[in-house]
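See the structures that follow.
In what comes next, subunit A is part of two complexes: it sits with subunit B in the first one and with subunit C in the second one.
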Partner chain A sequence: MNSKIRNIFLADSTLVPLAAILLGLITGAIFMLAGGFDPIKAYGSLLDKVFGTSYGFGETIRQITPLIFTGLSVAFAFRTGLFNIGAEGQFIMGMLASAYVGISFDLPFIIHAPLAIIIGALAGGLWGAIAGYLKAARGVNEVITTIMLNWTALYFANFILNAFLVPQGKQNSEPVKESAIITIGWLSDMFDNARLHWGTLLALIAAVVFYILLWKTKTGFELRAVGLNPHASEYAGMNVNKNVMNAMFIGGLFAGIGGACETLGVFHYMSIMSAMPGYGMDGIAVALIGGNTPIGVVLGAILFGILSFGASGMKFGAGVPVELIRVVIASVIFFVAAHGIVRYFIKPLLARQKEES
Partner chain B sequence: MDWVVTGSNLIHDTIVFSTALIFAALGGMYSERSGVTNIALEGMMIIGAFSGAVVTFFMQDVTPMAPWIGLIAAIILGAVISLPHAVASITFKADQVVSGTALNFLAAGLAVYLTKVIFNGAGQTTTLTSVFGKWHIPVLGDIPFFGHAIFEAYPTSYLAFIAVAVSWYVLFRTPFGLRLRAVGEHPRAADTVGINVKRMRYTAVMISGALAAMGGATIALTTTSNFSHNTVSGQGFIALAALIFGKWNPLGLTGAALFFGIAQAVKTLVQILGLTAYVPIEFIYMLPYVLTVLVLAGFVGKSSAPAALGKAYDTGSR
Partner chain C sequence: MEQVKTVVEMRGITKRFPGIVANDNINLVVKKGEIHALLGENGAGKSTLMNILFGLYQPEEGEILINEKVVQITNPNVANDLGIGMVHQHFMLVEPFTVTENIILGNEPKKGMKIDIESAAKEVAELSKRYKLMVDPMAKIEDISVGMQQRVEILKTLYRGADILIFDEPTAVLTPQEIHELIEILKNLVKEGKTIILITHKLKEIMAVCDKVTIIRRGRVIDSVTVADTNPDDLAAKMVGREVNFKVDKTLATPKEAILSVDKVTALGNRGVNALNQISFDVRAGEILGIAGVDGNGQSELIEALTGLRKVQEGKILLNGKEITNHTPRVISESGLSHIPEDRHKRGLVLDFSMSENMVLETYFYPEFNKGGFLNYDAIDKHAAKLIEEFDVRTPSIHTPARALSGGNQQKAIIAREVNKDPDLLIAAQPTRGLDVGAIEFIHRRLIEQRDKGKAVLLLSLELDEIMNVSDRIAVIYEGQIVGIVDPKQTTEQELGLMMSGGKTIQGGGNG
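Let's look at the complex of A and B:
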């Protein structure tokens, strides 16, 4: 038993991300020292911000939730060999569609909230499917189209907000109806009014669905086969183009639900955006560090949720600009991607393990 | 409304907005022709805009040549910041899109972080007092219509067109260009005849960083006069689209960059003409991005990319 646990920790798939995270934090510390800051105090106040108060802890969970959704979105497309940089746009479409349903409809809670989430999911899914269609039918690189669709979604959402949902001269839309709100009141009270909602549970369910869909169904088998070798899949009689569209649609669904939960669970309204919310981009980092597996994505989201929510504590406690955390996250991705570098650092550790066994 | 003046202004603005795209797309061309996907143009442009603005800021009270020194600093730092991408994707054979994405994250974070460190917590550099002014070319600049349209541009715009001509010559008429293309099309064959594939790719990625950074610097040193987190705002990705639309050819990508430049110029024009009463402003903002998608979906053939693009070269592979 003991050796089993040790094997899990010393497996390459665990060791490389762990070493990458450590190297990323060290890189961040070097830049802090260069900027004249105290890295130990900074990381200390980061952790204090997250774990020091029940409000901070609750808000960190709030921060982690959308990252699970966008991480799953990116990871799902990755499994089919697609690079979905469009989780950002799909997330925005999910926010927008759920805000529209939440504001404009008047229904009992048991229908209203689920409907708003489903419409949000579909909006995200269809937005992803556009890139999937262009890839399948026209051979357009999905990396470019998804990036362009992110900006298009941003301005499209602003247009809809300005035209229909935001009162003249305001920045925020009308609040969504009480019946569409998915905040958990008693839980929020327990965490000092941190904005906790049912979306977190949905995110964990989504991770399970991700696993079942990809590894326990025929559709999932095809999606993964296309990702591993499109030519062989084609030869085996699978429709590669259909699978490309499916992967982008399902990936978009995940991001769309994430956006919907953000509107219905956290803000209860939607604002005119001057910049991207950023969860989609962070989702790329989450998926990469998580090795595109559902458990990895959840763990990755927890890590990046802690880092990005704690960043403001770092600013408060040690004066470090919050952007430093972007440098840390970027370095972690670098080290995971170029795992040869990491192997070089952990080689002594692996060698010792060999000697012992 | 005088349509002749408007037309002349439109061409004038198109060149202003296209300049950065031309530099960045040219940069992307070197990298991708050598077989290294460069989704990191955005990040390289951000570093260029940042270093150009900061160095100019510190030199502007010392010498009137400050913007030129800023531009040179951007070129050097652009080449340096491209190194993590080169090391990860060439030496350690990382997925090139992933490492490019990481570089975009890194550049955006680092540039704003350092800006805040240098400018006491402010999210943007102080507005520069010394930036590039437009050059009125004698005689040619006095031609009606075309004078203002073309021969009253920023020096960086002239530089961009010179860079296009030089790049065309380098790519198609020099041994270096032949080797670059060989490494991107068939690295194994190139290796067999004695070309150092990895060194070629490193060189290409660094040229790429230098040119993309020049593009970023031209934005900060002409139109915005400072650096902030949204100085570049996606233009690196539009440059990448221009590169693909232009079929990895210096002349083609220049045409594509000018096309996207028009989309930007029209944005300004629509606001000046007061057309926003008829067309929601958000649709004008959307225009360059939607056009990119439509253009790529409609006009680009499928098989024009360098054959070995995106594949790490392994000396032992066949």
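Let's look at the complex of A and C:
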């Protein structure tokens, strides 16, 4: 039993990301030292910010939730051989659609909130499917189209907000109706008014759905086959184009739900945006660190959530600029991508493991 | 008499990979000026041994002597400096670059800041002339044939001053004509004082060109003999470890009604010109129709048109009397057609899928494997286990990714899957390409078994021997048309060769 647990932690797929994270933190520390800051104090206050108060802990969970969704979105497309840079745009479309449903409709909670989430999901899914369609029908590279669709989504959302949802002269839309809000009141109270909502549970369910869909169903079999070898899939009678569209649609659904939960669970309104929310781009990194597996994505999102929420603690506690946490995050990504370097660092550990077995 | 110098000596080489010993105490002695063959089945350890000699792998035990001096070959650059060059099976060339640019890549002669391409081209031209390679130094790689590309690889090693040339399965990608030319080139190289090590599993080539042969089986040297003192049967037995039957045993075919009718089919090739020109032929139940031809005469396009992977412009394809022209691959497959694709890595398998998943690649949606959209992996695994046992596919487990299997076992797995669909028509495209004698024997037996069960079999192959041995009728394809159908017992290689090059047409043969 003991050795079984050890095997899990010493497996290459676990060890490499862990070592990458460590190396990323060390690199960040070197930068802090170069800037004349105390890295131990900085990381200490980062952790203190996250785990020190119940509010901070709750807000970290709030931060983690959208990253799980966008991470799943990117990872899902990747499993089908597609590089979805468009989780950002799909996320925005989810925010927008759910805000629209939340503001404009008047329904009982049991219908209103789910409906708003479903519409948000569909909006994200369809936004992804546009890129899927262009790839399938016209052969346009999805990297290009998803990046362009991110900007399209940003300005389209701002246009809709300005035209229909935001009162003249304001920056924020009307709040969504009470019946569409998915904040969990009693839990938020427990965490000192941190904005906790049902979306976190949905995110974990989404990770399970991700797994079942890809590895247990007929659809998943096709999606994975197309991702790994489109020629063999075509030979085997699968419709490659249809699967490309499906993959982008489902990936978009994940991001769309993420956006919907952000509107309905956290802000309860939507603002005119001057920049993208950034969850979609971080989702790419989350998927990468998580090795495009659902558990990996959840863990990667937790790491990102802690680092990015705790960053402001570093500022207060040790005077380290918030931007420095981006150096840490970038280093972690670098070391995950360059796993050859990481393997070099952990070689002694792996060698010992081999000898014992 | 002066003793011939030993240029390469490998002593007690042992190399282990996780789970297997690829090389187990191997000794190899190569004398100057000889063509030395390394013979062995796929996975026997020949390539590993040569990769050690070329510095790509480090052995765990043993030592290497070059020109009777002990050396440490830690990487390919060291090998280069020692005069060892390797011509890989898969060429390492930059397609849009010219021949000269490819040859000097990584070793560019400079004139001031500029690359001195003129003098390099001149040197390449001289080398090409000296070894009778006839390569145009200024041609682009993407414009020249595969055979020419291989010569560029040879030139690359010569340009870097190699005296010992290692060839890894050099004939696997060549047409019969090109093989013939390569053999001449090898002889020229030896005449000019080079030493050649040839990795191969083709006995014919060894008999034609080699002086010595070292046989490797499961990582061990079985024997090292002079080619003049041996014969193909003996070599095959040593390679496989048992007697091998070269003659394909089969009874006379009893063909019945036509299963596949191809009627005046025209289809475009990848370059937008007609690859198939009104091609017509039938395949009947209970016969194997072999299609012979030089590579690039429409064979690949024909298979793709038949299986729904390529659009047909004109004409009709009937399977069991029902039209399948331009239907989807799924519909055609479900109408009773199975297809062993010519490129098993590209089409035949999803290499990162488990064997179990690969065995249901075309049938995963059947009710026995799929209930309401969810796959029944127990049933899939059971199905795979059954097929793998029945067709003797050697795999550590049904959950092993297809990538980890040897070529022969991958091919066996594909054949298991395709035959198991119980098709009316089995299309086998180059089913034995790159396989060893044992696997070839197995595959031929399975094809004949299908025929004897009353199925129609369409065999496409570039190996004339295979076509002659296995087919009941031979159709020769030339420029996208059938130029004649002959009886293998009444024809000769010469006649087929003539037809394959467009020199002879048998009128009215098209409908056999």
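Methods note: the second predicted complex is superposed on the first by the 357 of 357 C-alpha atoms of A that agree within 3 Å, B and C clash if a C-alpha of one lies under 4 Å from a C-alpha of the other, contacts with A are read in each partner's own complex, and residues count from 1 in each chain.
Just so we're on the same page, a residue touches a chain if its C-beta (ideal position, glycine included) is under 8 Å from a C-beta of that chain, and two chains touch if they have at least 3 such contacts.
Please read all numbers here as calculations on a predicted model, not as lab measurements.
Asks: What does the overlay on subunit A give for subunit B and subunit C, a clash or a fit?
Replies: Result for subunit B and subunit C: clash.
Asks: Of the two partner chains, subunit B (first) and subunit C (second), which one does A:204 touch, if any: first, second, both, or neither?
Replies: Neither partner.
Asks: For A:221, using the defined touch cut-off, is the partner it touches subunit B, subunit C, both, or neither? Pick first, second, both or neither.
Replies: second
Asks: Counting only touches as set out at the top, which of subunit B and subunit C does A:187 meet: first, second, both, neither?
Replies: A:187 contacts neither subunit B nor subunit C.
Asks: Should A:158 be classified as contacting the first partner (subunit B), the second (subunit C), both, or neither?
Replies: first
Asks: Pick one for A:240: touches subunit B only (first), subunit C only (second), both, or neither.
Replies: So A:240 meets neither subunit B nor subunit C here.
Asks: For A:326, using the defined touch cut-off, is the partner it touches subunit B, subunit C, both, or neither? Pick first, second, both or neither.
Replies: first
Asks: Which partner, subunit B or subunit C, touches the larger number of subunit A residues?
Replies: Ranking subunit B and subunit C by residues of subunit A touched puts B first.
Asks: Which stretch of subunit B would you flag for clashing with subunit C, going by 78-86, 186-194, 258-266 or 294-302?
Replies: With the two structures superposed, the offending stretch of subunit B is 186-194.
Asks: Spell out the residues on subunit C that touch subunit A in their complex, using ranges where they run on.
Replies: Residues 307, 309, 328-331, 333-334, 339, 341, 346-353, 357, 361-362, 364-365, 370, 373-375, 377 of subunit C touch subunit A in their complex.
Asks: Note which residues of subunit A are touching subunit B in the complex, please.
Replies: Touch residues, subunit A against subunit B: 31, 35-36, 83, 85, 134, 138-141, 143-145, 147-149, 151-152, 155-156, 158-159, 162-163, 275, 281, 284-285, 288, 321, 323-327, 329-331, 333-334, 337-341.
Asks: For the complex, give me every residue of subunit B touching subunit A.
Replies: For this pair, the touching residues of subunit B are 39, 84, 87-89, 91-95, 97-99, 101-106, 108-110, 112-114, 116-117, 121, 230, 234, 237, 240-241, 244, 280, 282-283, 285-286, 289-290, 292-293, 296-298, 300, 302.
Asks: Taking the touch rule as given, give the residues of subunit A at its contact with subunit C in the complex, in rising order.
Replies: 216-219, 221-222, 224-225, 228-229, 231-239
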